[in-house]
Each structure stands twice: as structure tokens, then as C-alpha cells.
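Below, chain A partners chain B and then partners chain C, in two separate complexes.
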Partner chain A sequence: MAHSIGNGSPPGLFSQLTRRQLVQNGLLGPGALAVGSLGLPRAARALDEINFWATGTLDIGDDGWRTFAYDSGVKVEFTDNGNDPGPVVAKLAAGNANDIYDVAGLQGGSEKELARRGLIAPWDISQIQNYASVWQWAKDIPYLTHDGKVYGIPTVINADSIIAIRDKAGSVDSYGVIFDPKLKGKTAMEDAWINSVIFTAIYLKNSENAKIAEPGNLTADELGLVMEFLIKHKRDRQFRTFWNGWEQGLQLLANQEVWVMTGWEPIVYAARMRGVDCYYAVPREGYEGWANNTILLKSAVVRGRTKAAHQLVNALFSGFYGCKLGLLRGYVVPTDNNVAYATAHANAFDPAGVRKLADHVKQKFAGKIYWQNTRPDNFQLYETWWQRLRNA
Partner chain B sequence: MPHEPGLGESVGARWRPAGFLLALPSLAVFVGVGFIPLALIATWSFWSFDPDTYWIKPAWSFASYAALLDNGRATVFLRTAGLAALTATASTLLAVPAAAVVGLLSGPRRAALLLALFTIPFFTSGLVRAFAWRLVLGRQGVINNALMSLGIVETPVEWFLFSDFAVLLGMVAAYLPFAIIPIVLAFARIEHSVIRASQDLGAGFWTLLATIVLPLVLPGIVAGFLFVFVVAVGTSMEVQLLGGAGASSISIMINDVLRVVNFPLAFAIATVVITLLTVLIIIANRALRLSRLFESLGI
Partner chain C sequence: MSFDAIVRGRTSGGRLLFTTITALSLAIMYAPVLYLLLASLNPDAQLGLVPPSRYSLKWYFALLDDGRLAGALRESALVGLATAALATPIGLSAALAYRAMTRLRGVFLLVILSAMFVPGTIEGLGLSATLRVVGLAPSWVTIAIGHLLWTLPFAAVVSLIGLSAVRPSTIAAARDLGAGPIRAFVDITLPLMRTNLISSFVFAFLLSLNEQARAYYLAGRQNTLPLYMFGAMNSGASPTIYAFSGAIIVFSVAVVALVFAGLVGQQSRRPRQAPGETSY
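Right after this comes the complex of A and B.
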């Protein structure tokens, strides 16, 4: 149920509109939200402001952030960080990102390195009440902690595998299809070692019995094995191309340049809308799980924004954000608060849809998962091998 | 014929201190925005990556330059230079007749219109331009569909897209205007009286072309070639969008290296590219006096 404007407010325009509707429609601007001294509810008092520098897919748009600000008391200035963890880490280490932003969101794996270098600060979980509602297996992602402290908060979570065109590729249940000579020139992988190396390692470990301990964090020998395998197949012209970014991946499928490719599930939905009968395969070797984690930048602590940053993260798990993000982009915030919120606000969100999305992701994680790691121990070696692959 | 000083030269001779003061802001911008960052990049390329700070430390080393020879990085330099040279050559060959029409045979209004038409590709982003080629050259693209419907081929031609051919086509289409504009300038410098005089003296078309026109437009041709070459060396979009699996270029290599915060190597790659391009431009200027292009403008 939506809130009404103020308790006991006189009937009239306000009585017919919910406060949320007013905020969403911009009728209550920042000025209205800042009148804390008038004894209005907490959310209508002066707002803390947080510069949130994260993957574009975490953006819920101006309307969404207005409501978010109203509910949480934190006004979010959202800036897309481009999603590529490499430049994000570089800007934190050598650029001015720490001077500008308070909280960042990026694919998991680099928390340990950033924490060691004093670029990010640990979260105080006791200040994030909604963290208790986060699904346990999300909290157990190995890259979130360093020295027993939590540095990464898993904010969006999913698992990736293979996209296949039904009438061309048939029934696909293994990454082996990407390397199948019968599909020579009809397959593609992402132009990023962060994903393509782990997919190949998952395949080699599970279907070719390669001695690989952790596909997300390969030793030098394991990496050599995986990369030689990829280089061989590239030389055999197995891959039509390596793709970069959402639209390129979608175009490859939509125009049937490739029949199977490793990729992101939302591409499947978009390709279907363009009339391509494709599906997201359930690989017997397991999924590549990933989490987009929220990290607290050190400078936010220095600037005295720690409390507001915790308020922000707490609100990310309060339900509204998860519902909105699911509606906008089909991504899942790992908490059951989303379903509870949708149920309580059935006029704004479809509770069944929210539950279906959550169950879908939960089901993926019920099986075998290997976590994506954007900063494996040998990360610079990954780049040199990727260069060799490029030149093969 | 005695050399006639340009406007800047004659004014500069009389008002040298004032001229210097006038140039000071531009000089400051050049030094501050151009030279100092480049000098820093060159210096830092000899420093070492510091894993403790994720940045660099002043431990002098040639390691980054040695790394340029490993893992096929030198091949990327050669491939990028080769592709840029091919692009620049093709663009220049296409630009010369186009520029002749604009600069020599058209009146001012038509020339302005034609030049504006050549700049149309720049109205949209390079990314969109390159992406559009995928829709033209792909298996279900315009060209393959036409060829199949005409019965010329039975199955789509695979190498139209995700190949060196596609990259070259995309780059020529994108950077052709860079070649046309300096060549138009060069054609515009040719006095019609010189052409009429040579014709009066009995020069035929080929003699006129070889002895009058080409020598006069050669600096423009070289400048056009260099403009395209320099831009093509620095691009990555066409290679990424139209090239085959894992296709590389110098820019892509720099991006890859920055992803793993190997700053000294990225700086070393940039330093080598800037140095080679600077040397190339100096040699071209010395050999062909590119500055002649600007003489008629009084610069």
C-alpha cells in the first residue's frame, strides 16, 4: 500500500495522490524534500547526498532515484562508471575517482586489492539492517571480504552461460558447443578475459578433466592450458568474432552472425523481441556467477559521508530498489524484501513477476556455480595471454 | 620570383615583441595541454609499476620497452601501421579526383556545398558509422542479400564482415574527408593563369598533370595521407566492430594494458607511437615542404 500525504492532511488534491506519486512525478522537488523543520516525516527532511559511481545497469533513472531519496533520506547522484572494472580500478588508484565519488559499484573481485591499497573502507554491517535479508549464498561470495572485514556488498547478482539459436544449434547443454568444429565460424565469445577465460576453464575442468582448481582464479600453468586451448580454436577459425558490449552481442544474434555464443541473459530477451528464437542454455558444467558489489570509497569516510553511505546500501535492500531494477532491467537484488515490497505495493509492482525473477535466479544458483573474479591473483598474466590470443 | 612574405611574416618582422605577446596564450596552452603531458608520459614510461600503491614509482627501467617485443605486441604495431598505411593510401587515391573536382573545377558555392557533403559522415558518431557497416556487410546484410537475390552467390560471403577487408572499408569510409580537405586546399592554390599559360605553350593533359598540377598539389596529397594515417593509427572502433575474433590495434592494446593497471607499459606504447609519428611528420615536412600548403593563406 502506498503512503498518503501527511497524517490528517486536509482533503483535496493531496488526499487523492500518494506521496510516492508526487515524488515520482517531480511535484515534490528537492526544495520540498528539504523542509525538515516543518515536522514532516523523516524522508521529507534535508537529504544526505551520495555520489554513486556504478555500472549503468544499476541506475534506476531519475524517477526511481527520487522515490529512493524519499524513502531512504539519501539523494543519489548516479554516474555510470562504464562497467569495465579495469578502468574503474585505474581511476581509483591513479585518477581522481576517490575525490569525486563516495560509493562505487563494480563487478566483484577487486575488493581485496583495493582494500590492501587503502582505496576503499570496510562496511559496518551493523549499520545495514537490511543486510540480514540478503540471501546467504550471496553473502558467501569469496571476494567480498579481506582480513575478516566486509568490503563488497553484493547488490545485483546473476549467472551467465550460453545463448543458442534453437533451429541452428539444437539442444545445447555444454560450453563444448562453442568449440564444436561443426559450428566453425558460427560461434563467439566476449572480448574480455574476465568472462571468456573462466567459461573456457569451467568447460575444461568439467568436461575435459583438466586439472583446474578454481576457474575464477587460475594459476600460471592452468591459465596457460586454458589460453593454449583458446588460441588453437582461434587459429582454426572457430570464432566468428569476439563481441563487446550489449548492442554488439545482440546484433550478432539478431542477424544470425553467430548461432551460439557465451553471453548475458538479457540479450536473449532482447533477441526474442527481434524475432530470433533463441534460449539461454543450462550448461552441465555450471554457470559463471557474478555479483555487482557496492564498495565504500575511502574518501567518503574522510568527508564524513560514512553514515549516508550505509543508509544508501541499506535502502538498496529495502525492496523498492530491487523491484524497480527488476522492472527496468531484469536484474535481481539478492533479498526477499523485493517480493515483500512488491506485495505491499501491488499498485506499483507485480508481486508474481518479482517472485518469478527471484526464483529464476535462485534456481540457477542451486546448481554448480563458479564465481567471476575480475582480479585473479595473476591478473597481469591474463592480459599478456590475451594479447597472445589476439595475435594468434 | 622573389619570395613574398606572408602576413604573419611581415607583421612579425616589424612587431616581434608584440607578436610574441600575442602568441603567448597559445604557447602556454600548447605547453600546458600538449607538451607537458607528453613529457610526463615519456618519463613515466621508464618508471616501474608499484603493486603496493597500484600506481608507478620512480624506479628507472627499460622493462616496459622490452615488453613491447613480447607476446606479439610488436606485431600489433606493424599490423596497425600497415592497416593505417593501406587506409591512408586508399583514402588519398580516392580523395585526389574528388578534391580536384572541388578545388579546381567548382566555383566557390559549389565547392563549399561539396565540402559540406564530404563532412556528412562526421555528423554522427564513429561508433554508429562503424556499427552500420555490420548491417551492410553481414551474412544478412544489404550486399549479401543483393548478391544472393541476383543469383551471384548461393550462400552469404563470410569475409565481407569480421575481416581485414571490413576494417579497411570502414576506416576508408570514415577517414576519407581527412584526406580530401588538405588536397582541396592544395588544388585551390593553383592559379588558373598558370594552367592557361601551360596550355598556351602546348602542354597536353598528361604533361599538364605531371609537370604543373601534381607538383603543386603534392604537399596536399602528403598532408592528406598523413592526416588519415595518424587518425587510423589511433583508432580502435573499426577494428573492434568489424575485425575478426580478437582483432587488435595499438589503441586496443593500450586499453588492454590499462585494464590491468600496467601504466608504464601503456605509457611506453604511447611514447613509441608519438615518437614515430612525430619523426614521420618531420621527415615528410622536410622532404615535401608541407608548409607550402599554408603559404597562400599568408601564414
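Right after this comes the complex of A and C.
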């Protein structure tokens, strides 16, 4: 359904692009938006600027942020924080992050600690009208609040499990496949305890009847049990490697060096684009749920950026951001506003695709979920054990 | 054939052994770099080698459209140039101070070199906290300060090597002919050390360009190149990242090769040291 934008546009670039592509790519500037081509409500105005320091997962690119700015009135200066919660917390606590950024985004679990240390401020939900549209189970993530106040806003949400190459691994429905001796040397897990420990704990709890209460927040004894299990399998050469970062994870699959591994769902999409017939398993033990949460830095309040910060978060749930993020990365912003926005702007986004993505994630969360926690009570013990595993 | 002769490479077998070990070591060191370089010419999205007939600069051209990459490149270039511009004269000063010292030279050198062995994360975080206390806002300046600490030992060592090749008799001759210490330094020492100073500048720049751990804690709103690349690789990199890695490799190797060629040229032009003559 390709049709050119603008009447009488000269042949060339514009004539080769659909209107949908133009909006998705942010090529439609404020002028086009102001005349109602997107049906957006407001004309150009002075923009509040927010320094948003977050994992690349939350990034919708310069063109996306341009459209976002026009739509919301908040100009976002996005800086990637590297996605590793440890250094992010360190930079907030002892470094300069509070001097330069207003809002941050990182994997959930650190909120309580940051709040206790006075490094972040609670959100005023009454200033975020779209918060009402956020799916309730996302609001109920246990790590979002401290002392009854909301410190983390679940901005991107998903559930992780196992990636399997179809003709090599067959039908996979359990994390047990990662530890299956028949696949020795052909399995992998991520070199990050925030994912690999909880996956193993979920498996041991549900399939090996291990005494584990909460896989996302292990006691010292439970952690020892999990880590000894991993170390034993590592010494038995069960794992091809512990992968690190998106690119390595993708390469392992694309080169078929591993046949099954715990990993992120977007890697499946990327691997398929590179010709690998792989799929994301539905594990009978349950998924590892994770949320990338938005937090308000204390210094933003001091600098008088509170209103703009709330405006930013409100806009994250207004629909455009969710549609754009889903399109770019396959991630879901937990609100039905995405579908509503796509329906209202079918010339820009595919409503059926947006709905399918949302339903897919909702389906995952209909079953057993164990929430990822980047700052469990014994997190320093986690670090120690993980180093021991690396050295094993 | 004695063991000693083999070890000293005085036999054909010994020479073959050491040549083989050297070749293997170099192959192991550079194979991954070469692989990445060739793979960056693969026009497909999948990293891997393709026949040379399919080589393409597609991903290199795609780099030009990445605005954030350009921003990170500008930031890194600015930081690198500032770092190198400061590290070179300070490194030279440290080398001169070392030469002038009669006592505690070893301690002085140890202090200068110890910055090489401080973990980047610790140094970056500590420096970030300190700069915050003194009220210096995070920016390219704060990164450059961190990188200066990191590159200074390298710059000092390169200057020391250059200084050690300056014959005392040459300086003495200049002084005998009436040159003051500053004149002798400017007219004799500096020209003789020119290639080392250029090397010092280039090494400091390249070290800064590739540094990540300190930059993470010292950066302002604009990430440097390594920070940008790290983030991109963690959140769904496109194959342009291979092209970018390839470009950095080519650039770094070319610069080092140029400096090395200059050093070799300078060495061949230097007069040989007189027997018994000591250097610094």
C-alpha cells in the first residue's frame, strides 16, 4: 500500500517511501504535524528539555525523539548508560550522574536502594495521567516502591526464556535443556548473574524441587545451591560459553555455535533475519519477567525539572513511544494506548502488529513469572559467587 | 649443538624455532583483528567472511548516517587531542625531572608509572567524586583530566627513551659554545627528541581514543566512542559497528606505523654513541 506523501511530490526519495515509513522514521516535521496529518493535538511550542540517561533498550533514535518532542512538548536528550545496573548505581551514588541527568532508565531492582540513599525521588502519579492505562500487573512489580511511594515506572516490559535452534534442539519446553548432557558444549547462558542465576533458580525450584522461595531474591544458602550447580556444569564443560552483550549472543546463534541458550527475545528476531530458524521457548517452569524502569533523579527535583520529568513519563505511555519502540526493537510499553494510537494513526503504524506484540507479551505474563531483580538483598554475595563461577 | 647456542639463536634450528614462535604469536595476536576487518567488508548483516569478490564498503558508508556516532567521534577527538596536548609536555617534564634527580629517582619513576596499574573503574569513580567536590561540571574536560592521568606514564616513558638517546657530549658541546641551558634544550635536546615527542602525542591520543572505564564515570551528556560502541553492542547493534571497528583499527595501525617509520628513520640518522660514553 505504498503511496507517496504530498500531492505532486517529485519522483525520488519521497515517492519511494510510504507515509507510514515517513512517520515511523520521524521525517515528518512539526510543519506536517501541525496541519493535522497525524492528528496530533498541538502546534509547535517551546519545549522542555530532559536529559534522559537510560539503557539503549529505551531509545527510539534521534528521529523518534524528534516526533516525540513535538507530540509531548518534551525534548529528550538521550544518553546510553550501558545497561549494566552496577556502574549505573555507582555513578549515581558516588559519581556525577545526578549532576547531569534528570531521568534515568535501568533494569528493575535498584529502586529501593537508590531511594534509601536519597539519590532518586518518588514520582507523583497524579501528574502522570497515562499511568492509569498501565497494565496492573506491571504496576504490581514488587521492586517499584519504597515506603509506599512509587520510585520506578515500568516503561518496557518483557519476559525472557530460552532460545532454541529448531532443527538442532528440537522441541524445547524446559530450562533443563541448558543442562542436558546430550547438548554438552552446545548450550550457553549470559555472563550476568541478574539473568543466569534466576533462570537456574527457576529451573531448580520447579523441576528439581529445590528449596527456593523467591528465585529473584535468593538467600545465601539458596544462592550457594544454585551456584554450585552452575559451577559443576561449567566444570563438566556443559556450556559453550557465557555470552556477553547482544552482539555476542546473536553471533553464537547465527554461527550455530550453540543450539540452545538463555537469552533475549529480540535476539531471536535478529537471528531469524540472519537466516537462522530459531524460536523462543515457552518454559514450563515459568518466565523470567523483567522491566526497564524509569526513575526520577533527586537532582532533577532540585533543578526544578520535576514537571518536565513527569511530562516525559506521561508521554512514554501516550502511544507513539510504545508503537515506535515496538517497531524498532520488539519491546512493549505496558499500556493499551499503543494499540489505540496505532489504530488512530494506521497510516503510521500497523495496528494489528502492535496488538499482536502486546498480546504476545500479555500471554507470557498469564503464566508463571519470576521477576528479575538487579539488586537482591545479597547482591554482593551474588557478585562473589559469579566471579567464582568465571574462575571455575 | 649446545642448548646455549639454540637459545642465542646462533644455529639455524634456533633461528627457525624463534621465527616460528614469533610468527605464531603475531598470528594469534592479530588474527581476531584481521578477521573483524575482513568481516566488516561483508555486505550481509551476518558477521563472517565472504569471498573477496563480494567485498563491499556498504556498512562503512552507512556509518555516515549515524548522527550519534558522529557526536561520539567529535567528543573522542576533542578529548584525545586535549589529552595528548597536555600529556606530551608533562611527560617530557617528568622525564627531564627524572634525569635531573640525583636521589629518589626510583621512587619518582614508580610514582609516575603507578597510574598505569590503577584499575580504570576505580580511578574514574574516584576522580569523578573528587571533581564533583571541587565543583567541576562533567564534560569533555573531566574526561580529558582522567585520560591525562591514564596516558601520562606512557608519555613519560616515551620521553625518557628519547632523552636517553641524547648524548651528554652534544649538550656539553653546545654549552661550551656558549649556549645557555634553555638554548641548548631548545636547539639540541628537543630536535633530537622530535620523533619521541610525536610518538608520545600519538600514543596518548590513541590511548584516550580507546579508553572506556574512566570515561564512563567522567563523561557529561555526550558519550565518547567506546561508550557509544559498548552501549550499541548491548542493545542491538547493526553491522555498522563492525565497519566502525574496522575503521578504528585501520586508523590506529596506520598512525602507529607512521610513528614507527619515523622512529626507525630517526634512529638510522643518529650518530653512534662513542665507546664508553654514557647516556641519561
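Please note the rule applied: the second predicted complex is superposed on the first by the 349 of 392 C-alpha atoms of A that agree within 3 Å, B and C clash if a C-alpha of one lies under 4 Å from a C-alpha of the other, contacts with A are read in each partner's own complex, and residues count from 1 in each chain.
Going forward, contacts are C-beta pairs under 8 Å (C-beta built on N, C-alpha and C of every residue); 3 or more make two chains touch, one makes a residue touch a chain.
Treat the numbers as computed from the prediction; the structure is a model and nothing was measured.
Q: Putting chain B and chain C on the same copy of chain A, do they fit or clash?
A: By the criteria stated at the top, chain C and chain B clash after superposition.
Q: Using the superposition on chain A described above, determine whether A:Glu257 touches chain B (first), chain C (second), both, or neither.
A: Touch partner of A:Glu257: chain B, not chain C.
Q: Where does A:Thr79 make contact in the superposed view: on chain B (first), on chain C (second), on both, or on neither?
A: After superposition on chain A, A:Thr79 lies in contact with chain C alone.
Q: In the overlay, answer first, second, both or neither for which of chain B and chain C A:Arg274 touches.
A: Only chain C; A:Arg274 stays clear of chain B.
Q: Applying the touch criterion given at the start, work out whether A:Glu113 contacts chain B, chain C, both or neither, answering first, second, both or neither.
A: After superposition on chain A, A:Glu113 lies in contact with chain B alone.
Q: Per the contact definition in the header, classify A:Glu247: touching chain B only (first), chain C only (second), both, or neither.
A: Both: A:Glu247 reaches chain B and chain C.
Q: Regarding the shared-chain residue A:Asp191, is it in contact with chain B (first), chain C (second), both, or neither?
A: first
Q: Which of the two partners, first being chain B and second being chain C, lies in contact with A:Arg329: first, second, both, or neither?
A: After superposition on chain A, A:Arg329 lies in contact with chain C alone.
Q: In the superposed arrangement, does A:Asp62 touch chain B (first), chain C (second), both or neither?
A: A:Asp62: touches chain C, not chain B.
Q: Who does A:Ala94 touch here: chain B (first), chain C (second), both, or neither?
A: Once the two structures are laid over each other on A, A:Ala94 reaches both partners.
Q: Which region of chain B runs into chain C, 77-85, 95-103, 167-175 or 257-265, after the two models are superposed?
A: Of the candidate stretches of chain B, chain C runs into 167-175.
Q: After overlaying the two complexes on chain A, where does the chain B footprint on chain A coincide with the chain C footprint?
A: 84, 87, 90, 94, 247, 251, 255
Q: Okay, in this complex, where on chain C does chain A touch?
A: 44-48, 67-68, 121, 125, 128-129, 131-132, 137-138, 142, 216-218, 220-223, 227-228, 230-237, 241
Q: Enumerate the contact residues on chain B facing chain A in the complex.
A: 52-55, 70-73, 75-76, 131, 134-135, 138-141, 158, 161-162, 240-241, 243-248, 252-253, 256-263
Q: Where on chain A does chain C make contact in their complex?
A: 51, 55-57, 59, 62, 77, 79-84, 87, 90-91, 94-96, 99-101, 245-247, 251, 254-255, 266, 270, 273-275, 329
Q: Within the complex, which stretch of chain A touches chain B?
A: 84-87, 89-90, 92-94, 113, 117, 119, 185, 188-189, 191, 234, 239-242, 244, 247-248, 251, 255-257, 379-380, 382-392
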